[in-house]
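Both of the next two complexes hold chain A, though its partner changes from chain B to chain C.
Moving on to the complex of A and B:
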């Protein structure tokens, strides 16, 4: 079992907004964090050096912006890790993980297709699943009126909030056990 | 970005002429002879697009044995095929490939739309769908429609009989008792 504390310490040093410890049996994750977008690339590099691979990359639209989730797993020892980033609607830019995990390119193209996120430094950000001549807004974008606030999403596991601004956004103030 | 622009705009299509050569000996019995030969050795192109393709494979295997009716030579090249069974969902991404393959098939050629997806979009036809061509007949002319989601292999065989009937004007096989 990989040691979640090591990663939590790493993410804390990288300026994470919140950290969560999870029950692997219940939630399928060991640990997760909300990271500022500028820390993503470095954290992914650290995981790559520890022989982790990128499982998937997905996005979810909320009132405050897109929550982009990266899942990692190691083939050497059990234990899945995740980190999330909050990308504002106005400037939907994220660093590309192409330099670290080459396979991220396709995941990023797919996410770009459906949400209109822009992954800087992705060498080939053309539509993957949509037709080249797709017309109109990204298909999974919602009506602004239908969007749920980030508060509704909440945080899972036993979490601690490191950034008070983020705590206000997600509607939790400090260290707390969540019910789920 | 300039590179992706280039990829996004397809080159103009080359000017193509298409024609069907008149028969060498234009006598009714001779043409009929060729037509029967043609009908009894349809060469379908391997063109499974989604779940319906499983039924096409099943129809070509020992249990349903499409070989009894002469249509078992699935060709991986459009240039060697004269029957296109569109088995599955035609996405907008696939549409250019489909038309291209159809155009590469030498005439006389026949198209069978297998399954609700190929006929009308099937379960993927709903308001706001963005990725599916609602019916392959919007792209290429269709000779026989085989409904079902998916159609049973017997239905696909029946579709082949119908195409043989279109070619020769004659049904060679007995009607199944339930249908008669």
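Moving on to the complex of A and C:
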């Protein structure tokens, strides 16, 4: 298994908003972190240099904004890691990982289709799975009344909040280090 | 456009190309980057070599592929949205429809993710039945791929042989799943029907039968000089390419890495079974062909062990979830090894009636995304061979 502590330390240095340790048997992840959007490209580069591969990109909408989760797995030894970005509703922009992982292009186009997120620098951000003349809201956007707060979704596992603003946004105490 | 109280603006702007006579949106978009004087060719969406309704736009320089772009979405059904509007129990049959060639692996991915999240335990007999079903299904999938792939290359007969074998597998699977396609016999905490004496007898008969047939396949097809010339050295896909595109399964194993979810993230009773991970001697189309044929042998050996070791007992847990069962709040990412690579179900729940979000990772999606790069600079006929060697199932890619 790859060592999650090394990556948690890297993400802490990259200015992560929060760090989480997960139970691999239950949640299928070793560790995750909420990163500021400006840090995700560099963190992806570090993972690529350590022989990780981007296997999946999943997004969901919460009251606080869109949570975009990048799933990585090492080619050397099993050990799944993920980092997340919280994208506000008002400015749904994210940097594209195309320059690091070319496979990200399609994952980003799919996410753009379903959520209306915009991945800057994606070389071909046109509809992938939806029709080019699709009319209407992105299908996986929820009605505002149905949105759940991030805290309720249990994305944080056993967590540590590093950024007080992020802690205040999601309603978790930054001083507290605990199990959600 | 308003959506609830949310004002919606298409973030991409307007797509239409008013007055264009050059083709539809994708063709126009593709042509923008084309070099003058080259031919733009449209393959599919209705073409026998695209295994369903995949469309590929290619820019040809003479007979060489200068650029290619797959166009997806012709079989898109939005399973992920259906996951949000159905209860978890109601969503299980969808899993049989995502990938029609390996439905039981998808069953397992979704059911497994829910079981992990809720902490359900599965009786051992059910775990064995899942393994046997999943591996029989994998053989069926590889056999159909084998027949269709050789047909892509111009050899019609093998698909008739492949279907004969596949029919036998469907006869066996019908006993425990009740269907020959779109199987969905997994339930939270077990499976829905037990195997009878006839099931085990047919399995025991099928294993030596297919081993004999595989020898014949080697003589008739694998050692055929025409097939070899079409595949050897065509479309090498190395580990670096797999890493950049997230390719998994036989493609990654043909590139030489022994990565298999059944070993890396053990689930079910796979840790109790002894099986090798076949890796390719070479990373070209022929290497991928050999890896899949070796995987048929591996699956046969897994089934052989499983029908010997399967214990008596219940096939579903006590007080198994019912149709209205709610998932507890939380997140679960569960992976299984499908015939095409790593399948994942990523469930996020807020504790409500329906899952909050269901994300399905289709291995074929990542595997196909490397096609444009792998096909660059090859002959058009070789690009078709590469496309076939990726083992595409379009409903899975489009979801």
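We take it that the second predicted complex is superposed on the first by the 170 of 180 C-alpha atoms of A that agree within 3 Å, B and C clash if a C-alpha of one lies under 4 Å from a C-alpha of the other, contacts with A are read in each partner's own complex, and residues count from 1 in each chain.
Operating definition for what follows: a contact is a pair of C-beta atoms (placed from the backbone, for glycine too) under 8 Å apart; a residue touches a chain by one contact, two chains touch by 3 or more.
Please read these numbers as outputs of a predicted model, since none were measured by experiment.
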{"item": "Partner chain(s) touched by A:29 [first = chain B, second = chain C, both, neither]", "value": "second"}
{"item": "First (chain B), second (chain C), both or neither touched by A:116", "value": "second"}
{"item": "First, second, both or neither for A:129, with chain B first and chain C second", "value": "both"}
{"item": "Residue contacts on chain A - larger count, chain B or chain C", "value": "C"}
{"item": "First (chain B), second (chain C), both or neither touched by A:163", "value": "neither"}
{"item": "First, second, both or neither for A:46, with chain B first and chain C second", "value": "neither"}
{"item": "Touching partner for A:60 - first (chain B), second (chain C), both, neither", "value": "second"}
{"item": "Footprint overlap on chain A, comparing chain B with chain C", "value": "124-126, 129-132, 136, 139"}
{"item": "Interface residues, chain B side, partner chain A - complex", "value": "3-4, 7-8, 10, 91-93, 95, 130-131"}
{"item": "Chain C contact footprint on chain A (complex, rising order)", "value": "24-29, 48, 51-56, 58-60, 69, 71, 75, 78, 80, 82, 92, 101-103, 105-106, 110, 112, 114, 116, 118, 124-133, 135-137, 139-141, 143-145, 148, 152-155"}
{"item": "Chain A residues within the chain B interface of the complex", "value": "124-126, 129-132, 134, 136, 139"}
{"item": "Contacting residues of chain C [partner chain A, same complex]", "value": "1, 3-6, 8, 10-12, 15-16, 24-26, 29, 69, 72-73, 76, 78, 80-81, 84, 113, 116-117, 119, 239, 242-248, 257, 259, 264-265, 329-335, 342, 344, 346, 348-352, 356-357, 359, 361, 365-366, 369-370, 373, 398-399"}
